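Note that the chains are named A, B, C and D in the order they appear, and that numbering of residues resets to 1 at the start of each chain.
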Amino acid sequence: MIRAAIIGASGYTGGELIRLLSHHPDIEIKVITSRKNKGMSVSDVFPHLTGYLDITFEEPDYEKISKRVDTVFVALPHKSAMEAVSIFAPDIPVVDLSADFRFENIETYEAWYTKHSSPELLDISVYGLPEIYRENIREAKIIGNPGCYPTGAILGLYPLIKEKIIKESGIIIDSKSGLSGAGRNQSTSNLFTEISESTSPYNVGTHRHSPEIEEKLCAIAKSKVNITFTPHLVPMSRGILSTIYAERSGEFSTKDILEVFGDIYKDEPFVRILPEGKNPNTAWVRGSNFIDIGAVSLRSTDRLVVMTAIDNLVKGASGQAIQNMNIILGFPEDAGLSTIPLFP
Amino acid sequence: MIRAAIIGASGYTGGELIRLLSHHPDIEIKVITSRKNKGMSVSDVFPHLTGYLDITFEEPDYEKISKRVDTVFVALPHKSAMEAVSIFAPDIPVVDLSADFRFENIETYEAWYTKHSSPELLDISVYGLPEIYRENIREAKIIGNPGCYPTGAILGLYPLIKEKIIKESGIIIDSKSGLSGAGRNQSTSNLFTEISESTSPYNVGTHRHSPEIEEKLCAIAKSKVNITFTPHLVPMSRGILSTIYAERSGEFSTKDILEVFGDIYKDEPFVRILPEGKNPNTAWVRGSNFIDIGAVSLRSTDRLVVMTAIDNLVKGASGQAIQNMNIILGFPEDAGLSTIPLFP
Amino acid sequence: MIRAAIIGASGYTGGELIRLLSHHPDIEIKVITSRKNKGMSVSDVFPHLTGYLDITFEEPDYEKISKRVDTVFVALPHKSAMEAVSIFAPDIPVVDLSADFRFENIETYEAWYTKHSSPELLDISVYGLPEIYRENIREAKIIGNPGCYPTGAILGLYPLIKEKIIKESGIIIDSKSGLSGAGRNQSTSNLFTEISESTSPYNVGTHRHSPEIEEKLCAIAKSKVNITFTPHLVPMSRGILSTIYAERSGEFSTKDILEVFGDIYKDEPFVRILPEGKNPNTAWVRGSNFIDIGAVSLRSTDRLVVMTAIDNLVKGASGQAIQNMNIILGFPEDAGLSTIPLFP
Amino acid sequence: MIRAAIIGASGYTGGELIRLLSHHPDIEIKVITSRKNKGMSVSDVFPHLTGYLDITFEEPDYEKISKRVDTVFVALPHKSAMEAVSIFAPDIPVVDLSADFRFENIETYEAWYTKHSSPELLDISVYGLPEIYRENIREAKIIGNPGCYPTGAILGLYPLIKEKIIKESGIIIDSKSGLSGAGRNQSTSNLFTEISESTSPYNVGTHRHSPEIEEKLCAIAKSKVNITFTPHLVPMSRGILSTIYAERSGEFSTKDILEVFGDIYKDEPFVRILPEGKNPNTAWVRGSNFIDIGAVSLRSTDRLVVMTAIDNLVKGASGQAIQNMNIILGFPEDAGLSTIPLFP
């Protein structure tokens, strides 16, 4: 059994890593850390996980932890994350769920986040979107696990840009997210009473997932790609529905477009292309590592609409982290990721 | 007191007409009809309204009703609506909440809905968006009360098109609606269990509010305006948040854009322009006749984003209907519309 | 116009006082205080109230405020509340929404809360449940505005105890509350993500509303009344549904019981007794000052079930506070309280 | 592999049977039936299950189906259920999720439901609550799978009655249920708009789960047990929280009571007894076959409170059905039931 540590395990992504790895046939959680909850049991922090993992949260002493485990998941905020990663990597493979290793261009990272403390590690890190970068992931020492919004956006645009179905300017991504993406922290604005019956955009034109999406799309297009990205909060716990608008580069019907998606993703275990006339729904992927994708080529304009649905905590975070780790460690890619969506 | 009838009063818009008119100083509800619920009391159908209106639902006998009332609200599905309207109009002023009198171009109506049975009445009908058509409404005999999505979309675009702030092609309207827009009818797909934790687009590229929006925007622009409109259902009861993307026609800052809105809507009792940095939220308008509008001019692209929030049952339906009737009857425009938004 | 101050106006009950008083024909809000939000406008703190009250939150300087207003609503936590009340009373009539003036027995208060700093004021204070204590309220200088749970529980039991329909031991009150009762404070446990899909009891056997309910029921019964009270949180914003179980003292049918309720509450403007076969629902009273009451006399046992529904922020807090103030000031009891329930 | 049929598989319990059995190592679904959806694929009816089961719904021809499968789950309404069961049993083991085989006393069944068409089969049927009747289930041919409310109520009372901790009269069960218990049928009253912000009791004193609970408790007590049961709907999809009130038969502390529960359920794979001071929460068991149980012995009265939480679709229906089938077929009791609760 591979021994794993989860650094910063008391948030929602930490809880999901524990939930999913509890079913993993080849990985065993040996260490979970939390400054705030050290000494507490898993069931104190996550009552739903009572009975599944009989260890306590410990203080994050990375040096000592590095001697006790074979692999590490880092679920810390950015900045704290790269400090942790630098202790474990490159000897121990690390999946980092923060933004610290997602960017190839360090200037972009530093413009949107903070000064990078381990720029040398960027060379051995890979952006962890398996459907696009699987071969690089296999050789990586550090995975920059994608943001939740970028996962849904990039996988919805990749085939269209790769196959030059759409023009590279004027792409609009309108995303609707559940609240778990906002984390498990003290807050007034995310109280039930504030969120129920509320739909609202936030960080319009300034969300830090914009440059992440743009960098990856530019690399796919091998040219400048310009996007407009608007995130919204809608009153649900899990899920991101991204509605993507782009200008067609030629005459492509809905059928044509769905065939391109079907073709490119045909061997992907976690991508489900919906048949013509069906639209994705966050409720159909909840709790699972799936991304559901639908598309419509509009008749009245020269645009198409692509819609993707993910569970932001699974394919948008912890599930994808495990998928990446499976690739690195040579396990079946779906090990530990067999949860069937829970509906209703 | 003006005596009013509500035809088809047992749905959500009917309930809202009763709720709002119960506070109207000059209009008294004399007749409510419902084929399905005839003979039932208001409190049987709307327990929340217990104590406010002591009449029973009656069979819709339009001829007889026309002798007992001075004004009529028609809250029937399209087709049934125009049949009812044709009995009352032009002698009795009618606000029709269906689509039957919303279109100037009868071919558009017939292409998207059904054959029009009273084309001659279209000449005396006016599209009931007071912020744009107030003067015409004053003289109208029939009001085609706007659709819920068009209300939020057109009011968000009107100043920009009028003042030529944006280009007329490539407008995208991405709307998120609560479930009350789907009505109070037997349904499996709108069960609580199906909707909770669900966000999903529907009628992508084919929603009948698209041609309604386009016809009105074309009239404002006096040229062809082409839109892409995608409605979504999100798990809340009331509210529509519309996120509108358009290409700027020149250099306009967020401040410039908000000034244009502020200027054009400065005397409007139900339009609230949010200050720079604030985004509208459906929770802030719930139960009221307000439309809240925010805007951002994006720095990284040549686009701007306008966001509008309404309560679909009030400004998007029954409240606007009363606003229109107040204009026709010469009452203060906000009579009966004083409900302050209910939050949380 | 009577000039009012709201002390501690930035929470949900403060927001509701502003909303409701904005419609009051005879009371005008002159002062709103908030240590945390001083200097902010109403629309900064309550965007839904934008346009209704053009003053800013100020530092609570009670001495100065007492010279500028004629009446005061105190919406502070207990302890801070009695300190504020002691400055205003008895010269200025005060409705205190905290627990500080709810108890006749100071030992009970001090056992469950804290040492009382103004015991002498208890003599001029009255428990503000108008349906029972209207005459005393008329003469009071200080109103101890009832707790949200006690309002629903006591009004559901008062006629039964008064008319000796039930035995005084073995009363069980099982209450289900929305989240607004938990306030608008930073919190992890009341996040949308924690509450959605969650129903759970809390403070079982130890909630501080138990002694409040017991003291009032004992006074009504003029003997010892013993209750078991269990509050629960259910995933909604507003509303308390209390299901009350008691042993019948004789043969009383459902009809008999409803007649007793109808008789005792026949002149009450805010009590709605439901007909046999109908059960109350929090959705039917939302936003209003109503209490809806239903009852069933069980055939298979010697018990009856009474069910009451209120909006915890209105009849359970701010609405009742205004009702009390109307009585003190000699205004119509429903002034400012005309909001019709908002459904859906 | 054991071949299974699910009769009436298009409702929520059908969907859950498919979801859970898809992970079962020894049972394979061969037949799913639905009159309404015959010919449709699993993904047409349950988009979340896309990719998990490649068969279509077929017309229920029980004779033919009986030749193709080794075991049957019947998820039909009562009456239709017993007709189906009578074709398969006793040759093929059947778990029936309806009420048709839950009662020992046929008169009780017929008084509350309908005339029983196969009374002779009652002798070979067993009530499927494994924690109490495991040994009988092992030998049974037909399982009457318990109702959702009875599961939570009986397991919360069994140890207390068995060990004579409580008196047998005056037991009150106040249950709060999510909407999935109401099924996936066309409905107005269960629309999202009707349920959101709504908490309400229903079938007060007349719910058909009352006699089911009473019959089983009487058998445990070997004497007359009389209960008062009130079900409520609260705005969530899954989960039942039952708050149970009973009179102590002597001096028992909370610790004493929890020890009794711990002792009796110590080997149960799906019962989690919460430590003193923790209360169960429907969110902690969602999607899983767990029942979480907490208890408080009240100091101020002679009563105790037991609280149980289940997922009504899993432990309250489909999960328990599989647990029963595992016992009959000699499989590990938790085969196919490993889903960890999904939170948030």
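Everything below uses one rule, namely that a contact is a pair of C-beta atoms (placed from the backbone, for glycine too) under 8 Å apart; a residue touches a chain by one contact, two chains touch by 3 or more.
Everything quoted here is computed from the prediction, not taken from an experiment.
Seen from the C-alpha centroid of subunit A, the farthest chain centroid is that of C.
Annotation: the subunit B:subunit C pair of sequence copies touches via predominantly the same residues, more than half of the used numbers being shared. These two copies of the sequence, subunit C and subunit D, are related by a rotation of 180 degrees on CA atoms, to the nearest 5. A count of contacting C-beta pairs for A-B and for A-D identifies A-B as the more extensively joined pair. Centre-to-centre separation of subunit A and subunit B, using mean CA positions: 39 Å. Averaging C-alpha coordinates per chain places the centre of subunit A 36 Å away from that of subunit D. Shared interface positions of subunit A, defined as residues touching 2 or more other chains, are 12, 178, 180, 193-194, 196-197, 235-238, 281, 283, 286, 344.
Listed in rising order, the residues of subunit D touching subunit C in the complex are 170, 172, 174, 176, 178, 193-194, 196-202, 204-205, 210, 226-228, 230, 232, 234-239, 241, 243, 245, 247, 279-283, 286, 296, 298-301, 303, 305, 307, 309, 344.
The touching residues of subunit D, counted against subunit B in their complex, run 12, 178-180, 182, 184-188, 190-197, 235-237. Here subunit D touches subunit A in the complex through residues 12, 15, 19, 22-23, 46-52, 180, 196-197, 237-238, 272, 278, 281, 283-288, 292, 338-344, going by the rule given at the top.
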